[in-house]
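Take this structure, written in structure tokens, and hold onto it; I'll ask about it next.
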Amino acid sequence: MEQFALQFFIACVTAAGFGIAIAAFGCGLGQGMGLKAAVEGIARNPESSGKVTVTMLIGLAMIESLCIYALVISLILIYAHPQAAAIAGLFAKGH
Amino acid sequence: MEQFALQFFIACVTAAGFGIAIAAFGCGLGQGMGLKAAVEGIARNPESSGKVTVTMLIGLAMIESLCIYALVISLILIYAHPQAAAIAGLFAKGH
Amino acid sequence: MEQFALQFFIACVTAAGFGIAIAAFGCGLGQGMGLKAAVEGIARNPESSGKVTVTMLIGLAMIESLCIYALVISLILIYAHPQAAAIAGLFAKGH
Amino acid sequence: MEQFALQFFIACVTAAGFGIAIAAFGCGLGQGMGLKAAVEGIARNPESSGKVTVTMLIGLAMIESLCIYALVISLILIYAHPQAAAIAGLFAKGH
Amino acid sequence: MEQFALQFFIACVTAAGFGIAIAAFGCGLGQGMGLKAAVEGIARNPESSGKVTVTMLIGLAMIESLCIYALVISLILIYAHPQAAAIAGLFAKGH
Amino acid sequence: MEQFALQFFIACVTAAGFGIAIAAFGCGLGQGMGLKAAVEGIARNPESSGKVTVTMLIGLAMIESLCIYALVISLILIYAHPQAAAIAGLFAKGH
Amino acid sequence: MEQFALQFFIACVTAAGFGIAIAAFGCGLGQGMGLKAAVEGIARNPESSGKVTVTMLIGLAMIESLCIYALVISLILIYAHPQAAAIAGLFAKGH
Amino acid sequence: MEQFALQFFIACVTAAGFGIAIAAFGCGLGQGMGLKAAVEGIARNPESSGKVTVTMLIGLAMIESLCIYALVISLILIYAHPQAAAIAGLFAKGH
Amino acid sequence: MEQFALQFFIACVTAAGFGIAIAAFGCGLGQGMGLKAAVEGIARNPESSGKVTVTMLIGLAMIESLCIYALVISLILIYAHPQAAAIAGLFAKGH
Amino acid sequence: MEQFALQFFIACVTAAGFGIAIAAFGCGLGQGMGLKAAVEGIARNPESSGKVTVTMLIGLAMIESLCIYALVISLILIYAHPQAAAIAGLFAKGH
Amino acid sequence: MEQFALQFFIACVTAAGFGIAIAAFGCGLGQGMGLKAAVEGIARNPESSGKVTVTMLIGLAMIESLCIYALVISLILIYAHPQAAAIAGLFAKGH
Amino acid sequence: MEQFALQFFIACVTAAGFGIAIAAFGCGLGQGMGLKAAVEGIARNPESSGKVTVTMLIGLAMIESLCIYALVISLILIYAHPQAAAIAGLFAKGH
Amino acid sequence: MEQFALQFFIACVTAAGFGIAIAAFGCGLGQGMGLKAAVEGIARNPESSGKVTVTMLIGLAMIESLCIYALVISLILIYAHPQAAAIAGLFAKGH
Amino acid sequence: MEQFALQFFIACVTAAGFGIAIAAFGCGLGQGMGLKAAVEGIARNPESSGKVTVTMLIGLAMIESLCIYALVISLILIYAHPQAAAIAGLFAKGH
């Protein structure tokens, strides 16, 4: 029985490790686009610096939140899956 | 019987972990596009800052909602799948 | 018999979790394009703000609807597949 | 016999769930392109707003129809496949 | 014999579900390009609106036809494959 | 013997369903490019409308022909493969 | 022996169905590029219409020829493969 | 022995069918680029039409030659592989 | 039992090694975009150098944080997975 | 022994058929780029036609050489592999 | 037991070798973008050379750090995985 | 023993045939870029023709060298692998 | 035991050979971008040649370092993996 | 034992043949970008020819070095892997 329980944890770590990576990939690109436009804008028009920075931070925070959703799911898969305790309990019994 | 029940939970965590990641990838790119245009616009025309920020927030919220659909499905797969209780019940019987 | 019934639910959760994610990816990109053009337009011509916002919302709603089709299919696969009850009934008999 | 009947329903839900998602991906991008051009056009030339909106809606409806074809096929696969009743009937006999 | 007959229907639903989706993806992008150019053109030159709309509709109809070819093949695979009746007849005999 | 004959028909429907879809994808994009240029051109120079529409239709017809080649092959695979009758005849004998 | 002969025909229909589709995809894009340039050119300079159309048709015909090579190979694989008769002859003997 | 000989012919038809298709894909795109530039050039400067057409034909012929290499290899694989006769001879002996 | 425990650690190192790599890929591209815009901006308008550098650093830090999320998950998978100790304990018992 | 010898020839025809196709794909695109620039250049500046054509032919020949390397390897794999005779000799002995 | 221990080291070297490569790919592209902008900027405005070089070095160092995270993980997987000693110890016992 | 020796030659021909093809793909694109720029440059400024052609040839030769590295490796794999003689010697002994 | 030890060395050479190749791919593209900008800049403004060359060399060296990380990992996998000696020692014992 | 030793050499030739090919692909594209910029620059400003050519050669040499790293690894895998002699020695003993 234990080997099947281990397969569950294997699936969890695979999904957690790759999931956060894929999300970071896309959100990193998205934040890079936003950052690119912000620094271009400030370089052209330094007076707009305050408004641009505030808008950029709101946007980066929105994108950050998408990645944090994936981070939360990853952490749930590692630490707080509802069946994890029950499945880990199979270790003890299986011997 | 338990190993098959575990395969169900494995599928759930895989779909949840990768699903939210793929959605975050695409929505992160989409929000990055919107953010890029917003900060460019504010830098060029700081007077339009209020209207641009409001429009940007509406749009980012629409994109956010797409990712939240995927998040909801991911959480349903982890915590609230209708058959999950019945399938988890197979653990008890299988011993 | 139960393991085959479980394979059905596994296929359902896989299709639901990845389906909504793929749809959210594409629609997120599409909405990002529309949002980008809208905020660019408002920044250049703030007087057009009302018409642009209305048109943008119509378009975002159309794209949103595509993702909601996928969400509906995902929810049907999780909660309302016509054979789901019959297949879940195999659990009871199989013991 | 039942496990083979179940494989049929598994194929149906897989094709339905991924099919609508892939279609929504492409059509979402396509509608995003159309929406982008429409809001850019209205922002540049607000007087053209009525004609642009009508043309945009015709086009979005055409693209929507493509996605609805896929939705119809998905719903047929879930609810109305001509052999589905016969195949579901194998459940009863198989016991 | 029935399981092989079922594999035939499985292949049909897979090809139908994914086929229409892939076609809708590409045609959705293509129609999006055409729509984009049309609304841009009308916004720049509203007097050309009639001719542009007519040309756009001819083009969208041509692209629509490509997707309808795929839809026809999909429906043939579900409802009207020439061997489908013979293969479905294997169900009856197989018991 | 019948299961092998069925595999032949499975390959036929798979190749037919995906083949027309892949061809429709590419030709849809190609027609979209042509349509885009045509409506842009008419919007800029409405007097050229007749010549542009004729040229566009010639080109779309050429691209359509490519997709129709794939459609013809798909229909041959479903209805008129030279060995199909012989292979279908294996059903009768196999019982 | 027959099942192996059937595998040969399966490979033929797969290669034929997908081969023409892949070729149509690429040639459709290529013809789309040529068509796009042609209609743009005619719209800008309607006097050049005759020469442009002739050149376009030469080019489209060259691209068409590439796709026809693939079509010819597909038809050979379905109707005229040199070993096809010999392999089909295995059906008769195998009973 | 025959099934292995058939596998050889299966590999041949697969490589021939997909090979010509992949080559046609790439060469179709390449010819499309050349054609695009040629018709653009003629539309801008109709006097250069003779020289442009000659250069275009030389270039298209060079690209065509690449696809013809693949076509030659495909035809060799179908009709003239040096071991094909020997391998086809295994059919006769195998009975 | 040990081989299954080892499979768990194999999954951990695979997910950790590839996860951080995929995240570094995307975030490296994103930071590259931001950096590109910053140095372009400073070269055009050296007076804006201070504001641009500060904004760039805020943005790079946001993107860095995405990659650090993936790094944290990778380190958790290597050093601090909650079940790791229990699973490593299977080594001792298995002999 | 013969089936293994056949696997060798199968690998040869697969590598030959796909290899020339992949090379033709890339070189076709590369030649297309060169051709595009050449015809654009001649259309803009017809006096430069001689020099441009010579340079283009040198470049196309260089790219052609890359594809011919792949063609040579493909022909070696079909006709002149050093072990081919020895391996074909296994046919004779194997009976 | 040893073969399973070896599988662990195989996974480590695979993840280490490909991980650093994928990270180097993405970060190399990112640094290339930054470098491109920097040398363009210096060539246009040589007076800004000092500030541009400093900003470029800060940015390249940030991107370098992403790749170094992956390098650290790779080296941990080769030299310092916490279970490596225990697993290597299985070699001794297994004989 | 011979079948394993044949697998070695199979791997050699696969790596040789695909390796040269992949290298030719990339180098063909690279040479195409260089050629494109050269003919554009000569068309704009025919006096620079000598210098441009020399520089282009140096660059094309550098890119050619990359493809020749792959060609050399391919020929080594076919004709001069250090273990090839020893492995081919297994044919003789194996009978 | 030896076959498992060999699998370890197989994984090492696979990871080393492909790892350095993937890193060289990405870094080659990145260096190409930097080089492109540098030679463009020098051609436009030859006086900036010294500063541009120095900056370019710093940047190329940074990108080179990324590829050298992958090279170091590849060489470690071939020559200096900490378990390599122990695993190679299994050859001796296994006989 | 020999078949496992052969698998080692198979992995070596696969990694060597594809590795150099992938590296040549990327570096060929990178060198193509550099070459493109150089010939464009010389055509615009022939006086800068000396400096541009020197800078181009430095850059091409840097990119060439990346590909040579992969070539060195490929040659090591074919001729100088430290375990190759020991593994080849298994041939002798295995008989």
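The first chain written gets the first letter, and so on, giving A, B, C, D, E, F, G, H, I, J, K, L, M and N; residue counts start at 1 in each chain.
The rule is short, and it goes like this: contacts are C-beta pairs under 8 Å (C-beta built on N, C-alpha and C of every residue); 3 or more make two chains touch, one makes a residue touch a chain.
Predicted, not measured: the structure shown is a model, and the values here were computed from it.
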Give me the step distance from subunit G to subunit L, shortest route via touching chains only. 3
Answer with same or different: of all residue numbers used at the interface between subunit L and subunit N, are over half used by both copies? different
Taking the mean of the CA coordinates per chain, how far is subunit J from subunit L in Å? 10
Separation of subunit C from subunit J, taking each centre as the mean of its C-alpha atoms, in whole Å: 45
Taking each chain's centre as the mean of its CA atoms, subunit E sits from subunit L at a distance in Å of 42
Listed in rising order, subunit M residues that touch 2 or more other chains are 7, 14, 16, 18, 20-23, 25-34, 36-38, 40, 42, 44, 52, 56, 60, 67, 74
How is the touch graph of the chains shaped: line, ring, star, complete or other? ring
Ring topology as an ordered chain list, initiated at subunit B and continued via subunit C: B, C, D, E, F, G, H, J, L, N, M, K, I, A
Enumerate the contact residues on subunit M facing subunit N in the complex. 2-3, 6-7, 9-10, 13-14, 16-18, 20-40, 42-44, 46, 49, 52-53, 56-57, 60, 64, 67-68, 71, 74, 78-79, 88, 91, 95
Contact set on subunit C toward subunit D in their complex: 1, 4-5, 7-8, 11-12, 14-16, 18-23, 25-34, 36-38, 40-42, 44-45, 47-48, 51-52, 55-56, 58-60, 62-63, 65-67, 69-70, 73-74, 76-77, 81-83, 86-87, 90, 93
